[in-house]
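Labels run A, B, C, D and E following the written order; every chain starts at residue 1.
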Amino acid sequence: MIDQAPAIVLLAPFLTAVLVVLVGMKYERACFPLVVLGLCCSAAAAVQTLLQVIEAGTLRYSMGGWPPPFGIEFRIDGLNALVALTVSTVALISAVYSKNRVPEENGDKISIYYTLLLLVVTWLLGMVMTGDAFNLYVLLEVSALTSYALIAMGTRRATVAAFKYAIMGTIGASFYLLGVGYLYIKTGSLNMFDIHEVLVAENLHQSTTVLVAFILITVGVWIKMAFFPLHAWLPNSYAFAPTTTSCLLGPLVTKVMVYVMIRMMLTVFDPLYTYLQLNWGNIVVWMAVIAILAGSLAALAQTDLRRMLAFLIVAEVGYMVGGVWLANTAGLVGAIYHLIADVFMTLCVFLFAGIVFAKTGKRDITATHGLFAKMPLTMAGLVVGALSLIGIPPTAGFFSKWYLIQGGMAAGHWGYVTALLISSLAMAVLFFRVFEYAFFGVKPAEGHGDHHPSGKGKFSEASASMLLPLLGTASLVLLIGIFNQSIVSIITDFVGQFNLTGSIMR
Amino acid sequence: MELLEAIVDGMNYWIFIILMMIGLYAMITKNNLVKKLIGMSIFQTAILLFYISLGVKEGATIPILPHYYAHTSQEEQGNLVGSSDQAHAGKEASSATEGGKEKPSVAHAGSPKIDPNRFTNPLPHVLMLTAIVVGVSTLGVALSITQKLYTEFGTIEENEILDQLKSGDD
Amino acid sequence: MKALGLIAVLGTGLLLLAASRDFPNWGDPSSPASSYRLSRHFITQTINETAVPNMVTAVLADYRGYDTLFEAVVIFTAGIAVIGILRRYGNRDFIPAGGEVHLTPKQPDLIVESTVRLLIPVIQIFALYVIAHGHHSPGGGFQGGVIFGASFILLALARDLRTAQNWVAEKRMLILACCGILIYAGIGVLCQLLGENFLDYQILHRILPTDPVMARYHSILGVEIGVAFTVTAIMFSIYSNLSSNGQMKEGI
Amino acid sequence: MTPPAIISITPVLASLVSLLAVIPIILLGGRANLREGASFVAGIVKFGLIASMLPTIMAGSTIEYTLWEIVPNLAIAFRVDALGMIFGLVASSLWIITTLYSIGYMRGLKEHAQTRFFSYFSVSLAATIGVAFSANLFTLFLFYEMLSLATYPLVTHHQDKEARSGGRTYLTYLLTASILFVLPSLIYIFIKTGGGLDFVAGGFLEGHVGGTEALVLLILLTFGFAKAGIMPLHSWLPAAMVAPTPVSALLHAVAVVKVGVFCILRVYSGVFGIEFLSDLNLGTIVTWIAAFTVVVSSLIALTQDNLKRRLAFSTIGQLSYIVLGMALLTPKGVTGSMMHIAMHAWGKITLFFCAGAIFQATGKKYISEMVGIGKRMPVTMAAFFIGSLSVIGIPLAGGFWSKLYLLWGTVEDGRFTMLVVLLTSSLLNAAYFFPIAFRAFFCKPEDSRFEAKVEEAHPCAVVALSLTAVVTMLLFIYPEPFFALADTATQHLMNR
Amino acid sequence: MEAQGQEGEIVSQFWIFDLILLVFLVTTAVIALRVRDLLSAAMIFGVYSFLICLLWTGMGAVDVAFTEAAVGAGVSAVFLISTVLRTSRKSSD
């Protein structure tokens, strides 16, 4: 009996999406439970896959039973399995969160919205699992396509942003496609692992074509992940999209693209090629430094809460790109761990922003006025997410920064280390500004006077479907931080196969 | 004549690059949204052109087996593949192909052995079929966004939309 | 913006040009893309392994069937996305910012209508032929589906969107699209249920009265039909949304 | 001589108990008496737990417990030694008294959000004890950050404009310094030593880093623990005086600032090692920085009219005594600096209690308004006088002993400049404290209300401040426990 | 074998046909982007698609050509036209 878990990870949300269209025509209220059920199956299968990978090493699943390179193959190692689990968990959380938001924001298109949501999850999962370079292109383009729709279902600013995203996203995906074509012309293969074998066996690393392919793929992926000078599409898209959309796409899309970059750099091209032969690490890390600083500073200048968070994503992308290009184990482990940690902490703050928007109808940072008194649990969720973004132990964000800084120091790249620290500070300023609004919002009667005993009546927390995901994510951020060793050991196993310099301190 | 051939040889690559540059330039600089999208389509077809070009083989025909191949080999395949395991057969077949590489042009009409040089490479075609579909889907979605923008802003000129956003409250 | 765009474009062009000197000769049969075992296997072995003479169809629907499933879902996604973005339900008084676009009302034209009436069945039969004959000639589910969808579009263009909608209502189209996807994915899942990988058609010989190779052959046909369903439905759905600006009232 | 380590969970419990106390405090939020009862119980349990470890530590042993290995080679681990014990004892005993005092103060002023106040108070204490009992630099850093964050709501308790700007300054200084200076040094040390951050009596950095690196690390770590208030990173302390007085008292005279100097002491002794520092002659640089802070802050204190601000600047100076004593790197100096943690804590908290009591009873904040106040609040002002004695270092109060040892340390090292600095600063201390007490008792009050009969603050507050004043005097007569602990610690550190 | 010979000849002379097509292709692409009337632009884009479909037939990619004829010259053009009619025909550039 062949193990089907890897396929189910993908098929569950996909088939549910089709069902949601059919069922949604008649019974609109059945959509939400169906979505949650589908995503639960997916998450369970992802857990199963991860466990198998931990137990038995790389897992292979040939679609159509054709052995690679003839067919398309899933080759799931620790990295895929971890990221897939992350994606499906986030999808599940956002789906639960969407229960009240979707009817409110897109009341007449509930089933359509849910279908698109499930489809985008399918695409993202597919991207994470696939071992075929061309298949990845299809998924890349289609996940973007679905995102355009999910974003364009928001306000009119979101529509403008979606168009911009459509143009830039197509350019990015097309660059990637060209890059794959350039690889194909030299190797004749499309399977990622097979391409790598041919590249090594025929010593194609000297060829200009392969170099151009590398540049095209990297630039294409950078556009998609909003790496700093190419980030123009991101802030407005995530700031003005429907709440659930930004909760789902904001954390995931950029991170999945970082995964694609890592996969391309390490698995398709060789680390020897990307790190040693090209030797661009220094330049790219400096670009990452600029991205981190620009993202953080731009975030400081925002007054719109979600726009501010969107700029944080730009900064976080800089973290990861820099970490990967540091070209040592600690940096790479840090980048991958940060990928996972950042998904949850970004999700946490986006969920918070959504709750604030739902409760107050305002997008501004000042909308958080006095929330500590009114919604203490919600604020607790935000505090965890924010502390993690700032990098305060024992949240997940601290440990990712810990490894990244180790990587930066081991590579002797002090600019990167400084940028990380400065951006931590910028985030501290950002979030404490929010905390201040939330804390000082209620003017106490001339500073004194005990109004606590009557305080219980004025609590007005968000509904459970919004609050529980936030608290769940917050506790995940803590758990990922506290149990970071087990995650890091999976990542280390993955990174270990590339024999990079500088092991992480044991 | 040789010079001409040299040009002709690289011609498709040249044209692909030119078309791609035209499309990309239109995507970046055109102000009208529909124009941007036309540029996008041209950009995408340029990439298709590139892929198809690299599948071309001198002296090869379309990747559809003529009838005589099909019939003979269908008789053959009864004992070639038969009930044996599929993946196993795949391996066998591929090793047979490796052998064929050393002595090409063994193919003659009627033989079940197919000369790979007689047919164009089908793989880029398959890929580009998918890419066309993706392209038209993107175009459809982008056009619907354009229409939505028109209903919301009353224009499909990018600068006018941005001006409205700057002056507007939302 | 223009200068920046020009620089970006020229940069990309130069980059691509730089590599093209390194390319194998035009049409060289020994270029890596053509001589690698992947391409050779597809050319020489498809007939043995799937019994389909059209290699493109075989590779599309079998070797890379997983990709093609997504190709069909791409179309499906696009259809849903267009509905999501554009569709406006109900008769709410909605005045777009640009004002209502008034097209000149369509005059019934005898010649056009009769021609179309004559043409549509022919087109549809041709579409069916393209779908069914995809194994032996160019064509397949996707092309056939587009042609089939185009026949409805033609109807809507010649008569009116409402007339076409009477034939194929919006919901029915969506159901058709879903069915297409379900046929495709269903075949894949069936293979899983029989104990093989997703989309591994050869195992279907257990329930089909054929050997494994012919099982592949027939499954490819089934898959193509699924694709055709989806493409037909979605092409028309996108068209009707785009041409009526999401109102589904009057087309162009 | 390595004393045998005892594995016991007691230090963890000691830190946890006040963290857990938050739950009953929140649950009992509505009923003030029970809520504060819970605080009390937690305080007493905490003190009991710490005191129960005292005999073991006095015997020269240590108590260790590794809670959780969070990153390979990096654990949240606890270890109690003599140095940590001094600090733990001071902080936990003062918590009980401060709770008593804050009941009086908060009720007297009818402050809002008292539940929140007591909850964060407990959390801060948990963090403080965590710092005291950390076994490695990482755990130390963790609790250090926790303390910064937990005290923020306390500092900004009034939630008005002034509190906001004060809180901003407070967090900006503390977080900036710790993230920019401590964290990178931490990781750098981690990489250089190949994964060791555990405090070792003689330091573990020797052989891993060169002279210049050591200097840079030393400076980064000295300034990074900005809670120690070494100039120029001191401005947060006066700014944080916007907090309610019990907070200022416990956190800014005792817990927070002492955590800062304690961290510096720990790093000097446990990371660098006294011998390593003196080999590289790095102590001198720090003594100069500290000496500068001592003199300048005393001069600034002279010019302050706001009593709490004057106390704040006095604290900055006194903290630098401790750093200075450590940086002398002589046995007597180190002993003196450790004792000064305890002695100054008792003295200074008395002074803050008095300032709070005055404010609560009369609403006066400025020294110029306090002329003749001794007639109205004799107990408070008497306690104030005793507190001043201790801080200045005059016999009859505990501060005398620590200052004596500090002076002895300078002589031992032959650093007469430092001797002069210490003496000058003592004079300055006297100059800014004595006039207050003098004018309170012997001048004719400008405010006629002071003529009236004796009217002290809320009884809880008075009891608390009398208690600390008495203890301050007792410490002069019987400094034995702290002296013995400091001596044990010094021997342990100096003899490797 | 006969068939092969014929094909070979066709291929050897194909470049003239190819060249003409490619020149037309670039021209139509430029015109489609230059013309100010969007309806014309959409039409010319249809022509462009048709040309590229011819080119692909010449290269032996019949399936792709078929698809491009149906999708590019057919459906895409209709989509573009319906959008143009539903929005505005005029373009500023």
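The working rule: a residue touches a chain if its C-beta (ideal position, glycine included) is under 8 Å from a C-beta of that chain, and two chains touch if they have at least 3 such contacts.
Model, not experiment: these values are computed from the prediction.
Common neighbours of subunit D and subunit E (chains touching each): not present. The chains in contact with subunit A and with subunit C alike are B. Relative to subunit C, the chain whose mean Cα position lies farthest away is D.
Greatest centre-to-centre distance from subunit B is found for D, with centres as Cα means. Inter-chain contacts peak for the pair B-C.
Chain centres here are Cα means. That of subunit B falls 14 Å from that of subunit E. The geometric centre of subunit A is 31 Å away from that of subunit B, both derived from CA atoms. One simple way to say how far apart two chains are is to compare their mean CA positions; for subunit A and subunit E this gives 39 Å. Residue positions of subunit B touching 2 or more other chains, listed in rising order: 8, 11-12, 18, 24, 53-60, 62-64, 66, 86, 90, 94, 123-125, 129-130, 133-134, 136-138, 140-141, 143, 145-148, 150, 152-153, 155. For subunit C, the set of residues that touch two or more other chains comprises 16, 23, 27, 31, 33-35, 37-39, 41-42, 54, 56, 64, 67, 70-71, 74, 77-78, 81-82, 85, 98, 138, 142, 200, 202, 238, 242, 245.
Working note: touching chain pairs come out as A-B, A-C, A-D, B-C, B-E, C-E.
Residue ranges of subunit B in contact with subunit A, taken from their complex: 24, 27, 33, 36, 40, 43-44, 47, 50-51, 54, 86-87, 90-91, 94, 123-124, 127, 130-131, 134, 137-138, 141-142, 145-146, 148-149, 152-153, 161-162, 165, 170. Taken together, the subunit A residues at the contact with subunit B in this complex read 65-67, 70, 134, 137-138, 141-142, 145, 148-149, 152, 155-157, 159-160, 162-163, 166-167, 170-171, 174, 177-178, 181, 184-185, 190. Across the interface of their complex, subunit C is touched by residues 1-2, 4, 7, 11, 14-15, 18, 21-22, 25, 61-66, 69-72, 106, 108-109, 112-113, 115-116, 119, 122, 126, 132, 134-135, 138-139, 141-142, 145-146, 148-150, 152-153, 178, 182, 184-190, 198, 202, 207-209, 211-213, 215-216 of subunit A.
Residue ranges on subunit B touching subunit E, taken from their complex, read 5, 8, 11-12, 15, 18-19, 22-23, 26, 30-32, 34-35, 37-39, 41-42, 45, 48-49, 52-53, 55-64, 66, 108-109, 118, 120, 124-125, 128-129, 132-133, 136, 139-140, 143, 146-147, 150, 155-157.
Interface of subunit E with subunit C (complex): residues 11, 62-63, 65-67, 70-71, 74-75, 78-79, 81-83, 85-88.
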